[in-house]
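Letters are used for the chains, namely A, B, C, D, E and F, taken in the order the chains are written, and counting of residues starts over at 1 for each.
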Amino acid sequence: MRPSGRKIDQMREVSIETGVTRHAEGSCLIRMGDTHVLCTATIDERVPQFLKNSGLGWVTAEYGMLPRATHTRMRREAKNGQSGRTQEIQRLIGRSLRAGVDRVALGERQITVDCDVIQADGGTRCAAITGGWVALKLAVNQLMKAGIVISDPLVDPVAAISCGIYAGQEILDLDYPEDSEAGVDGNFIMTAGKLVEVQMSAEGATFSRGQMDNLLDLAGAGITALNRVQLDAVK
Amino acid sequence: MRPSGRKIDQMREVSIETGVTRHAEGSCLIRMGDTHVLCTATIDERVPQFLKNSGLGWVTAEYGMLPRATHTRMRREAKNGQSGRTQEIQRLIGRSLRAGVDRVALGERQITVDCDVIQADGGTRCAAITGGWVALKLAVNQLMKAGIVISDPLVDPVAAISCGIYAGQEILDLDYPEDSEAGVDGNFIMTAGKLVEVQMSAEGATFSRGQMDNLLDLAGAGITALNRVQLDAVK
Amino acid sequence: MRPSGRKIDQMREVSIETGVTRHAEGSCLIRMGDTHVLCTATIDERVPQFLKNSGLGWVTAEYGMLPRATHTRMRREAKNGQSGRTQEIQRLIGRSLRAGVDRVALGERQITVDCDVIQADGGTRCAAITGGWVALKLAVNQLMKAGIVISDPLVDPVAAISCGIYAGQEILDLDYPEDSEAGVDGNFIMTAGKLVEVQMSAEGATFSRGQMDNLLDLAGAGITALNRVQLDAVK
Amino acid sequence: MRPSGRKIDQMREVSIETGVTRHAEGSCLIRMGDTHVLCTATIDERVPQFLKNSGLGWVTAEYGMLPRATHTRMRREAKNGQSGRTQEIQRLIGRSLRAGVDRVALGERQITVDCDVIQADGGTRCAAITGGWVALKLAVNQLMKAGIVISDPLVDPVAAISCGIYAGQEILDLDYPEDSEAGVDGNFIMTAGKLVEVQMSAEGATFSRGQMDNLLDLAGAGITALNRVQLDAVK
Amino acid sequence: MRPSGRKIDQMREVSIETGVTRHAEGSCLIRMGDTHVLCTATIDERVPQFLKNSGLGWVTAEYGMLPRATHTRMRREAKNGQSGRTQEIQRLIGRSLRAGVDRVALGERQITVDCDVIQADGGTRCAAITGGWVALKLAVNQLMKAGIVISDPLVDPVAAISCGIYAGQEILDLDYPEDSEAGVDGNFIMTAGKLVEVQMSAEGATFSRGQMDNLLDLAGAGITALNRVQLDAVK
Amino acid sequence: MRPSGRKIDQMREVSIETGVTRHAEGSCLIRMGDTHVLCTATIDERVPQFLKNSGLGWVTAEYGMLPRATHTRMRREAKNGQSGRTQEIQRLIGRSLRAGVDRVALGERQITVDCDVIQADGGTRCAAITGGWVALKLAVNQLMKAGIVISDPLVDPVAAISCGIYAGQEILDLDYPEDSEAGVDGNFIMTAGKLVEVQMSAEGATFSRGQMDNLLDLAGAGITALNRVQLDAVK
């Protein structure tokens, strides 16, 4: 029934390759099917103005797409002047990653997670969160190995998965052809078995409480599977 | 328990005053407690480029705050150069209003709903959606009275309400003091008894499936009450 | 003779409602006929760089229009990127208000007066100055009540009125239909019976010394009437 | 009494050198004392959108300063992003020049007058208008010589002069040291013995009706003298 | 003598992997030592305005760096608002690639070559040109296979190599440690054994005619080696 | 053979007039035929951030064109938002001038050289460098006369000249008609008989090693002639 031929609750094949760039403190290339995102984590001993002398750390994210990551070429975007869509995505990534961080344990420093989409086929923001956590964890591991951070500020992985309603049926992990047809779709972010973000959105459609329940069930199972891949990657 | 002294499921007092500006095709001032939003609807016979010759209508929204709508003065924002937060909000308002529009019945024209916050005390985006629908409906009524639109493209009202978890308890319609303390909060948009958008977000916290269920219940009841006020206003 | 049916020297009905927003230190809604401007005054203990450690205060202004304050919808403007017209207007408002301020008595602090046009029908900049002075005075009264400012820095009200030449006749307080037809028009700002600004401008026309004299006479009488409304409002 | 040693009603020495650049359709370098402005006029057969197929011509102006035209170096400005002051000035120049143009006789074409200050010593906007008219006239003369324009659209010269109140005394044509001390100053633009613009402005001061009358008298005499220099230049 | 231990005329190891992204008409990942650049070519049937109806094709380029391609994180850049350095580089890439294109044979269409640096270690612009030609050739091959282009517009490869003077000695293909120490360095672009661009630049140093000659010799040999790798890649 | 009628190795007539503006610390107007560039040097005791407390001086440049310096009118450019071409040129001017500066002798201060093209006829960047050095030298002379700088940081003049291949022949100092026809052209900057920059660029053409040698010869002779004019001007 799905264009991809996958079962309703079947995620695409996921792989996470770590250490892919020489300069970043943490990095990985996450592949969810044909969606490929390069995630790097950069440690900065300076925090944003509002956290000066607070003793608290910060995690922030930026999201970008190479111009030809998509079917048709897209314009480049800069830090100032990003589209509303891009800003929404990177605010979501940052907020989601922070949900899994003990900011006292991290100490007064900032980690910036850059998520750059090399190739897009739907679900890029979810892949960015899932891969971004791996890059973040690898950078934190360096801080711990160096004795700069003592207590691990990242106990449980944060992961994200999309769900949607396609042809009247709730499905897991939409690829681009599915995503562009679904009237209802959204993203679920979880850590340690609990919800961090729920973003369901309909365009030209609505959805019932019962459908919402089914989507929450699908997402829970998907996230559990992603957590295993994440933990393997950072071992 | 709530700083406002309200009961857990008690909304603030809501009023919608229509016809508040002379020039707009539809207008209202919605007050949810101390949150006051001026909503105007502007009809434009031209549609965006991607809808030319499609026969389909479009509804879009812009959101703004007067500089001193808030406790401390904020910088003005323009159409190009709005903050990520503002863009997220106005994209949400537009998407939500469109969910209640029969775009074939509207015909190839665009209605822009401007939501300008005169005074803010939490929940401005929800007030903007609820009031925005009223302005939109009044503009559409003009089109119908003039015989330009025949079949009503707005059958059921679209309304929005915030919910959150405050001091471990799920509550309805957060005002600013509650909102700034809540670790989990979000917005629910519904039409005709069905969901259109769910946006739950935690910052430094998480929430369980059970809590999600309670929030969905609170929102459903709130929306029903808002719909009555909307329908009274457009009579 | 006038489209409005008013006599040559007849101003529109003026009202000033104070205390219209909860957060601002001073606020009012001024109505000159169908021109409605919301004015708020914000006190800031920091002054611009060039006044640091000078002991002198500063008053500045910003001017905006809600997108649908006018017959046809206008684009939103931001602090950076305002049109030449908007910048000219807000520079005029700030300069005019400062003309009535004893900056030593005010002390080293800044008051920002925001003038936002809710509904426009000609003469918005004059209404903004006249109402802006009221908001400014109310904010200063708070500083005096709190004992922060001892000697009143605002002795006489500053007010503004437009005049122009319509159908060969000098007239007072042009509304939009009159303003869009007049070949010569301008604004007069006065305080304590003296001139502060004179801005007469012709587009596709010229005017004689004699006409200039008549315009100055009309303006003087109008300003006297406005001062009474201002003083009533701040009592 | 004046820092310049000039009499109260004495203008600085004025010269206008024409034909100073090879590419422009009309050009001059105007010197009013140490204020030197290069004015060029460019003919464009296209008019702005709002004049398409109207049969009417348009004259517009841009104003700039070389970075080191002033005592201290200033930042460069572009077409988009000019300061409020620059925009005010170039709007004034364009409006003033148009006051002397018969737009039907000019025909549907646009002339852009660029006024670039090479060296500044007060009164740059007045020099720009006075010199700008000369560049404009020379460009129009080319159109008439070529038979493209038949009836001269520029019958009387437009000129501008500053006046102000310095040490309690009304004076003509302020240079920079006078201008920076004067509490009241402004600009008068005239054509054919009639007023086109009056812009008097006080900063930290006020002025009486009597003083206004004296300033108008001074300006009238100054403009008459400037007109002679202009007419000599375009012969 | 060289920090890299390489001989004076020894290039880094070069590899070009083609077909690395699914969506682009041509793509490759070029590695020159630790400098890795992803190059994609996008075919667009529309040409820039100045070429409409000319029958001539166009090749243009954009250059970017992932934020953490470098030792320290860099700000993202957009199409409007790129730094002077970035604009210089992408203008050079476009100009260089066009030097090897028969624009009549290409026909009235545009190919955009995006060069995104994944990891930087000196010489990124040269790698971008060398790899960019490969992506361009692969895209052109598709046009020829489809019969849209008949005669090959890309006869000889265009390649680029850096040279510089390090510790008084002319060397080939500088990596970052060498580049940051060299007082003189530059880039040579060649096609078919002829020069297309020479850009030698000294900062805090100068160079003689004799040194210039040696640099030209080094570059010629390096380019010949690069051409072999390019031709292998596009086979 | 040349459109200008000049011999292959014949430069246009060059003159440098100094002291042309009253405010700048150093200034000149350089004329190379019909290319006229006004150069001013501004001394600033503050250096850019990266040089604070280094004891080293800095020289930077900005380049601009009056809107009607060219055949057709061009848009004004600002400091932020300059075209790629403008940025390339001013980076080149700054780099070239610095090549002739002993930054220790200059001491921790910055000199900004503004080069504004009054009239353009090809070779504006070369004229800007040659004239810019004169303005710089005059400003440095002031510092030395005042005893602020002891040892002359500018021993040898820096000058620039364009060369190109026109109708198959290498020629010196291209004017606009020659420049717009030449398939290969570029700029050579030298000081004290040594090269500082070489920028040869072909568009739709290539050039051989032999041609490159001829161009280097032509440039060397031209620069020697320019140095004499520079040294005369600063005497």
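To be clear about the criterion, a contact is a pair of C-beta atoms (placed from the backbone, for glycine too) under 8 Å apart; a residue touches a chain by one contact, two chains touch by 3 or more.
Listed by chain with UniProt protein names: A, B, C, D, E, F = Ribonuclease PH.
Every value quoted in this text rests on a predicted model; they were computed, and no experiment measured them.
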item	value
Set of chains whose contacts include both chain F and chain E	none
Path length in steps (a step moves to a chain that is touched) from chain D to chain E	2
Rotational angle, Cα trace of chain B fitted to chain D, multiple of 5°	120
Interface sides of chain A and chain E: same vs different residues, half threshold	same
Relative to chain E, chain with the most remote C-alpha centre	C
CA centroid of chain A to CA centroid of chain F, Å	51
Rounded Å distance, chain D centre to chain F centre (Cα mean)	34
Centroid spacing, where centroids are CA-atom means, of chain C and chain E in whole angstrom	60
Touching two or more other chains - residues of chain D	82
Chains listed in ring sequence, where chain D comes first and chain F follows it	D, F, E, A, B, C
Touching residues (chain side chain A, partner chain B) in the complex	82, 84-85, 87-88, 90-91, 95, 98-99, 103, 186, 190-192, 194-209, 212, 216, 220
Residue numbers on chain D that touch chain F, as the complex places them	21-24, 27, 34, 38, 40, 42, 44, 62, 64, 66-71, 73, 75-82, 112, 114, 116, 118-119, 121
